[in-house]
């Protein structure tokens, strides 16, 4: 029986954790199997949940978020027969962990391009959640995509805050969006968990476009959400559950090539995406896959060529 | 002359209140379509039924003892320190610096230094609101709330821009070296032949917390300083009459309070995480308010209330692990416990007093 | 550095951000003026935010939502009254408990009803408060200076915003010009005086606590159905505490409360708008901007506002016989 | 026979285990002044509070003007024509006089008409009863005498026919008290019924028609005033013979202990309260400071006691004491052997929630005798408390009781015991017997005189001229921050002092 450990945001965060939940759900429906799950409440529960699930025989134990890296490195060795899956972790040295990293900057690059092309004002926005490297990583890829289309496009980037409340303050998300709109932005990319709900809402209310994150959020405001930067956590979780105990371990990087990231195109936003836009973006996608185009990762040296944080 | 025997006041009333809270919690569990008996069983056995459960319960309780004591000491001087959260964050910063930047030969020395650093950092963070209260009359409730936010921003800055190891995407410090690893209860108890769960994070800082309870008790009830703090807390004009300096007491009480809140970092940062993460305090500073209020600001009461909250935290974790009950249920149960044992205790006391009075009259 | 339009927009944002603070602050003012301390503003707002969104979502009517929000906030207010007036319990503990209760119950009930992970469905159409455009706003917006002030700053807010700001003179009038206000202020200063004057202390205090409940209810509904389109957990995000700070800041006076809330709103608006200020090569980190409203609050408090003396009977239950 | 205005039948009331009133019955004829006396804690205030609907009786009936009346709350009492002036005033301190008057008796929902009406009525009442107060003054800024007028006006404004006054003269100057009694007599002449609680037998003898005596919750006697004597009443009250006058030998003043030169004190609001006074207190004498409350005596005591800063110079045994900055606080004063019985025992002299034994160390908690190492030696403290409780006959003799659970008189004994037993060179005493029953007064006075007889200096501040005359060896009168003059008790009388207290200097004139 597999187990799934959600990060502090909770499984219904409309983005990252929810994607994992959807993947697990799909697996359960298809196979009729069941899985254990826990929404973490505190830091100390990270290790606790790992051990408890491992001891209870859960296999694999799937964890969400980079914050699990440290507890995993402490726990994994104690349960050599258990396979662990770590989403958003790529740097651990353990034989029984499947580490999955996503190239969020690549996906963000694509939606950045779309933002620049959809923008009429020449200004686009980015609303991040808590100011941490991961979010800068998103923003950095996005900015590069924007600049690739038109180096003159202005990018307004804001972080919601410095406390965990930054993930759950839609009111602040709204205000940030309004501030960005008044600075001219007419496309806003939200990478801010629950706060993003406020960003998308305000964008829809004010008649500009927004870009969702992690899950496909196009349906939240049909015709108002330009696209969503997909991070196929659901697929990663689904695959892991499907493989079960025979899971392959090691480090897996899920980029555009692996279809680990991408952008969402469905009925809700079809009208917003012109053929020209789609062609350009798909070209870039192919170039990245082919290695012809390199999107710089913020992690490489903690800085971004296209955007200052 | 009291209306009730002391034991009724100290034992019976909290017990009845707890039972009432439990009954209401059971109704809530029923309301969301789950089985309350099974849930309670799981909580009790998960939190108290094994050394593993105790290990977690005591780990949480240790945090709450520190923050509860912090609030309690300030309360005795009639100061409402809502800033435990920020002071504990700063304490964590102190601990991290001590552990990361100084090579320690042995954990005992590291612990002593970490205690000193965390107390210093926590106290410094409390000192500014204290000074503003004492000299400028700035309401300490506002300033300590503000200092929580400022502490969060500071910690965020430190972790994202200063302490984060190169190449790590996690806004957290490096892991502390093995030399500063604090022995867990497992390691402490093994030599004397008691086998305690290896997994649980309760560690030697539990003893620090218990020691802090004793020290605070002695300080408040046995020393001149404690006498002055209590006197000032009861009556400012009285303090003036007795030659007790309001400025000194405000400062000292808040410094002690901040130091105690800061000390929490020895448990969660040094003892458990062994690195500094962003939300390491996770609201323990606020739980400390509830703990102090429920413990009636007495260190022993704080000790018991901290264990009660530790139990709720760990019991709740077990529920979250093995059932589909949302984690917020635990928050509701906490609320009910605080409500009945803390705010509605007269609802139980008033009728009980009548009963005891009638009994006494009957006997007389 | 800042052009006129930016100033207007920052002020516009200030008004939106101040409104929930102001409603909560006035709520606290009634309660604390009557001698009942209330750190449960946050919880009441949160509860109201959820129930207003939930009922609006189900019924499609934002007005029903507003009523439901007020009703739910009133239930918590009643609980606070029961604990601190009838059973003379500790008002701080009761407030803490109410905050926890709201944080937990909202998500629990939301999950039970909507199965959307502790949120309500998104609201649209009649389930939300729409901005009210003042007459001729479009036409007049062209006039320099006054035009934008009229069209952008004053016009175009939800009805609850205007209600909140009207509540300020309303509260002042009620407090200082009516019998009820006189008694309310008296009961917060010396309940025995009210009691021996033949007026029910309990009745007055319940009335105050209930008014507090209504205002918190409106504040919560504003957050969930006017500013936002639905409830997400913990969406009050500490605004109840900021409102409390504003109340102390204002020394428990209605007009000052408005200025205090506007100041807090302004500081937040400024911090949101100007992140990463570059001062000639030295980039001020975003964390500083984030903390700025709080730092400034402390500075202002220490520098310009003297000692705040709360209503004298505040926080103490009225006990005649021990 | 006339119907009694008030008839209480079998009133009983207990507070938890304490039976404050046991089966009390009294009857008061209309148009009379009825006195009630009794020791501290006898149950007088409780009984009257029941009549006023503040407390609810456990048992018993209340009849007003021959009609059985239910009085569940003060509203009902007011409706029945009862007004009460409480021992501790029930005024809203930061309200104006007018606002306090109309509180609860407003007509209509809006304040303006009520205020206007009250202003008119107040003017009429003022003219009728010489009850002048500034209707727009804020309560906390007017003196206690004024505050009491407001309380009386409150009752009259509500057209009370029955007026209860609980220890009304405790805080008044003789002149104010005289005026109060004139008002009471006028009210009586108008047919109003008045109940007067007081510890001062002289007032009972002068003002009342009948008097009831309470002891330990019971009504022990009701007599016609004309048919009794102070000594008899005192005996009825205390259950033994009481010495009503202080017995003391003439003073033998020695060297100066305390010398005050040009002392000035400015309060928090920036108002100068003590305006340059010079005084000397010698060993073996009691210097009494007479004066109407609020003329700077409190500030004088506080600055001497180290509770607030001042300027000028003071010397103790010839050595200067700092008046501000380091070394000027209350702790330093105690080290210099100055003891202080403060004016307000409940706000200053005691921590009401502390045990008696903790209060015995209050201010002296640094005394080495109370320490053992870094801790306080609570055992020593408790032993010391036991001695003091026994010597000063504090009742109940229980050191574990919280200060708030002692009656006023016994609270005062604890404070006096603590300060006098220090054997100070200089004892500062403020209002030592305010609200204290005659048994305890007798005792406290004896202790103060005994200290003097040991050759110590005593500075006594009291608004009770009787007390000043009884205790002081020399009298200084304070008015508006100045010393108006010094007199010897044998060479002056209440009239002259009264004039000085009012700021009229006979010599100068």
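We call the chains A, B, C and D, going by the order they appear; numbering starts again at 1 in every chain.
One rule holds for everything that comes next: a residue touches a chain if its C-beta (ideal position, glycine included) is under 8 Å from a C-beta of that chain, and two chains touch if they have at least 3 such contacts.
As the structure is a prediction and not an experimental result, all values here were calculated from the model.
> Where centres are the averaged C-alpha coordinates, which chain has the largest centre distance to chain B?
That would be chain D.
> Tell me, please, which two chains come out on top when C-beta pairs in contact are counted per chain pair.
B-C
> Counting only Cα atoms for the centres, state how far chain B is from chain D in Å.
One centre to the other, that is 46 Å.
> Just curious, how far off is chain C from chain A if you go by their C-alpha centres, in Å?
Those two chain centres are 34 Å apart.
> Quick one: chain B and chain C, Cα centre-to-centre, how many Å?
Each chain's C-alpha centroid was found; their separation is 29 Å.
> When you check chain A against every other chain, which residues touch at least two of them?
10, 131, 162
> Going by the touch rule set out above, which residues of chain D reach two or more other chains?
Each of 16 in chain D touches at least two other chains.
> For chain C, give me the residues that contact two or more of the other chains.
Counting only residues that touch two or more other chains, chain C contributes 118, 233, 287, 290-291.
> Return all touching chain pairs.
Those chain pairs satisfying the definition are A-B, A-C, B-C, B-D, C-D.
> Please give the residue numbers of chain C that touch chain D in the complex, ascending.
Contact set of chain C toward chain D: 176-183, 185-186, 189-190, 192-200, 312, 320-322.
> Once bound in the complex, which stretches of chain C touch chain B?
Per the stated touch rule, the residues are 79, 82-84, 87-94, 96-101, 103-108, 111-112, 118, 233, 241-242, 244-245, 248-249, 285, 287-288, 290-291, 294-295, 297-298, 301-303, 305-308.
> So in the complex, the part of chain A that touches chain B is made up of which residues?
For chain A paired with chain B, touching residues are 8, 10, 36, 38-39, 41-45, 47-49, 51-53, 66-67, 69-70, 91, 130-134, 137, 162-164, 299, 302.
> Applying the document's contact rule, which stretches of chain D touch chain C when the two form their complex?
Per the touch definition, chain D meets chain C at residues 15-16, 52, 54-55, 73-79, 84, 86, 90-95, 99-100, 102-106, 108-112, 114, 154.
> Which residues of chain C touch chain A once you look at their complex with the stated criterion?
Against chain A, chain C makes touches at 5-6, 9, 12-13, 16-17, 20, 116-119, 122, 223, 227-230, 232-235, 237-238, 268-269, 272-273, 275-276, 283, 286-287, 290-291.
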